[in-house]
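In what follows, structures are represented as structure tokens.
Each of the two complexes below includes chain A, the first together with chain B, the second together with chain C.
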Partner chain A sequence: MRDKNAETMQKYHNDFLREVEANVEEGDWVHMCMQCGVCAGSCPLGDAWEHSPQKIFMMIRAGKREEVLTSDSMWMCTSCYNCIVRCPRELPITHIMHGLANYAHRLGIAPKMNPTRRFAKLFWNNIVKTGRVNELKLSISLYFMDGFTNGVKTSLEMTGMGLGMLKTGRLDAMGLLRSHGIKDKSGLHKALKKAREIEDARKGLS
Partner chain B sequence: MTDIVATNETILVVGGGISGMTAAIEAAECGKDVILVEKAPSLGGRVSQLYKYFPKLCFPTCGLEINQRRMKANKNLHILTLSEVTNIAGDSGNFTATVKTAPRYVNENCTACGACGDAVTAEVDNPFNYNLDKIKAAYLPHNMAHPQRYVIDPSIIGTDEAEKAKTACKYDAIDLDMQETTMDLNVGAIVWATGWKPYDAAKIQPYGYDRFDNVITSVEFERMMDAFGPTGGKLLRPSDGKEAKNIAFIQCAGSRDRNHLTHCSRICCMASLKQTTYLTEQYGDDEEAKASIYYIDIRAIDRFEDFYQKVQDDPKVSFIKSKVANITLDEESGNPVLHGVDTEGYHRYSNPHDLVVLAIGMTPNVDISEIASGVSTDSSGFIQVNVDNGGIFAAGCASNALDVNRSVQSATAATLHSIQVVNKVSAAEA
Partner chain C sequence: MAKEYSFYPGCSSERRASASNYMVSVESMCDTLDIKLNEIPDWNCCGASIGYAEGGELPRHVMNARNMALSEEASPGQDIIATCAACWLGTKETSERLRGSDALMADTNEALKEAGLQVKADQEVRHMVEALIEDLGYDELAKPVTKPLEGIKIAGYVGCQTNRPFGIVGESFENPKYLDKLVETVGAEPVEAYDQKVTCCGGALAFSEPDKSQVLIKKIIESAYDHGAEMIVTPCPVCQLNVEVYQGMINKKYNTKFNIPVMYYSQLMAVAYGSSAKEAGLNGNVVRSKKLEEIAAK
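Showing the complex of A and B:
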């Protein structure tokens, strides 16, 4: 398999800021950060992760490529948007954090066992199959992500919620056997494939 | 007011703060006819509301006094208080300015003896102290008010209170039938010096100015130091009247922020540095007295770097490089707690303080586009230097966020420009 990570590293000669500007969603905003610290102080999970947005943006400018891309901090962002609404420079911080996470993932160097990354993968694989989320399959794959015993335990814990969702029609009891997909599934798959091609060409990943 | 004669050789100065006063005096001392229009009942503007001013830390009274003496000595200068310019039509060399004057209910006979103030009991908000206290409804705006003449607040007109004031006056100075008047003045050039106002602190939601008593603005802090201010010159915090010793200053409150004012208000770093010296003045070397300045970067404009260094050397003062993220309240102590992360080491903090002073940003007082058309402003509404502005010249904080020194410089420049305009008019008519 080709090493996309090594390739991009070479291409940008360790100018990580330029790499982020070119390849990460909203990455061209990073240089606008004035290091005021409002985002770091506004994040409700702030003390739970190692690299606040403020720190990440400074690390990008300092060329700390490896540390940024392998950090699990951007995977912890819950999209509360506190930082975005407060940033005096209007940086789209939440989007940059997700952009960085996605970029690291595409390069194959995102933290492998990070639960948010794993869930994101499950979710994506689930939704692209039929164009709609199959809640039952998604929950089961999530609960059993860490093995059978854990899966049974979590399923039991979540029974109440599952029943509630059944009652309100949010969960299909027959979900394992059928999926309420969209009509034009192959159309969706084609569109996604095209989008991926365009993205890859732009980011030099093709 | 019917004795005013204005011609297209007259210079109209709008706004009687330090900038407008300077422009008016300088033009008048050059022999020009000047009309100075001030919205408030007295001249002086926001400088008169400062306790002391940097860099020399003198009281504004001395600067004001010199200006007042020059004004009194000059016959070319006509002052209209409680007056506002509501519209400007025409062109350079031939403007028509509409001036609306509110009734003062007190005429020139007033000796400022204060008998009317003693007679009334009704009280109104005191704008000179940013409404932090009340004042009698018959009042002198402040000790240095120019003109030294009382004002009757319109809220008591038609009540017994007004009659009490009138009866108490021995000089027949109270005229309760005064009405609002409007007149058109023909003038040649206009100096626009309507100054600034503090940005609305309540809009900075995470700082809770509207929720927490002990979060105040820098302009209110200035008033607290004044012996005639709302706290009689003591730093007493609003919630419980306790002496505030551990004081936080938050820089760029509303400034340099795309959610609020995009510009740097330029003077607020110096204002906070100055205000830390008030702590020494109040508490000497009491070890409990502490000032913490939370900042993005300190902009000690111009040649004030030495002032900054002096403050840095003060053991009472510490600097935290961080824009505070938000403020919460410690219910028990009434202390505001500041939360954020500092940029020098990325340390997370939650610091309680007795009192928080927001170094509030400056925004233009008047939207000039509502009064005159075609005057060029920047994205913050400050009037830009532009030949297309014709015979309208901005001075002081109407043109930018400036300190007194630069305001006065810009006033002199505006004066010279306006003199050139009226000189051209006289040359054409000669």
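Showing the complex of A and C:
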């Protein structure tokens, strides 16, 4: 297999800021950060961030490529947009965090076992298949993500919640069988395939 | 005259999905207010806040742009209204990016051509709450109230995505008041000192990082109780789900006794407008609100 990670590293001669500017969503904003620290106190799961967004921006400029891309910090972003509305320089911080996470994931160097990375992958595959979320299939794949025994344990823990949802008609017990989704699945699939091709070509991921 | 909008209901609103009761109450509310919603034909998922990780940038925009293109064809000239905060945010974000970048517009249309579609991004993308407040206004919304929700103390939990980054015109990010005003409009009592009104519920990470997210959810509920609220109201299906259904797990873990109903603004309005419990989707709540059910039965 080709090593995309090594290839891109070589292409940018270890100029990580330039690489981020070229390949990461909204990455050309990173150099605008003035290190004021406002965003660092804004994340709801703050304790779980080994490196705050402020620190990540500093590390990008310092060329700490490996440390940034293998970090699980960006994966703690809840998309709360606190940072965006507070940043005095109006950096689209949320999107940069998403962009870094996506880039690391596509290069294959994001933390393998991070639950949000794995959930996000399940989620995207779930919606792309039929065009709409199938909540039951999604929950089941989520519970069984760590193997069968853990899956049974998680589903038992979640039974109270699931039963409540079933009883109130907010979960579809037949969701595994019933056909579901949009009519023009094939149109959607073709459009998404094209979109990925264009994006990968631009970001050197193809 | 009826107000007409192009309507993007989103996955959670579907029959037998997690916010199906939201949809039921929205239909009742809109009936009363003479609002006509023209559902976007064959709409797809918005990608939600978590779609970025595998979906990346362009595929995510293409998901949203497909809905916009279908809406432009089916209901030209109308604003797009979403009831889900994540759907609204995702679609609005795509709309703004497309308007701001010719290159992204060209890429998006190249991809959409594969599905025989073309997007212009010429419709405004708005949340239902915006349309209610800006196009009708609180006075109009108060007129059809026949059963004021008197004496009910309600904490307005705004959450993140209807509030940031776009927000509702005229509201502050740190202390938005529109939910409190809606609570007043239906004759109930807003808990204005509720200090967790814009705290994040964990969003999609409530699934992937349950323990960390439940710390946030606990704060949101605790503060509502501390300020004397007997009910929480929210405009977002993700907030509603997270704050309602994890109460049992939090009780087990922290030895708390949470059992507080978490309702949609549209459910309060439907009941105040005289809808039955069923029409207001009250039977869809895991934690039922006896008070609202009593008023609806009167």
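Here, the second predicted complex is superposed on the first by the 201 of 206 C-alpha atoms of A that agree within 3 Å, B and C clash if a C-alpha of one lies under 4 Å from a C-alpha of the other, contacts with A are read in each partner's own complex, and residues count from 1 in each chain.
Operating definition for what follows: contacts are C-beta pairs under 8 Å (C-beta built on N, C-alpha and C of every residue); 3 or more make two chains touch, one makes a residue touch a chain.
Keep in mind that what you see is a predicted model, and the values were worked out from it rather than measured.
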Fit or clash between chain C and chain B when superposed on chain A: fit
Partner chain in contact with A:133 - chain B first, chain C second, else both or neither: second
Which superposed partner A:35 touches (first chain B, second chain C, both, neither): first
First, second, both or neither for A:11, with chain B first and chain C second: neither
Partner chain in contact with A:76 - chain B first, chain C second, else both or neither: second
Touching partner for A:85 - first (chain B), second (chain C), both, neither: both
More chain A residues in contact - chain B or chain C: C
Contacts of A:125 with chain B and chain C, given as first, second, both or neither: second
Touching partner for A:190 - first (chain B), second (chain C), both, neither: second
Least Cα gap, in Å, left between chain B and chain C after the two complexes are fitted on chain A: 6
Shared contact residues on chain A - chain B and chain C: 85
Residues of chain A touching chain B in the complex: 34-38, 40-42, 46-47, 52, 54-55, 85-86, 88-90
Contact footprint of chain A on chain C as seen in their complex: 11-12, 14-21, 42-45, 47-59, 61-63, 66, 107-108, 110-117, 160-161, 164-165, 167, 173, 199-200, 202-205, 207-209, 212-213, 216, 245-246, 248-249, 283-286
Residues of chain A touching chain C in the complex: 25, 44-45, 48, 75-76, 78-82, 84-85, 94, 98-99, 101-102, 105-106, 115-121, 123-125, 127-128, 131-133, 135, 142, 157, 160-161, 164-165, 167-172, 175, 182-184, 187-188, 190-196, 198-199
Sites on chain B touched by chain A in the complex: 206, 252, 256-260, 296, 322-326, 339-343, 346, 348
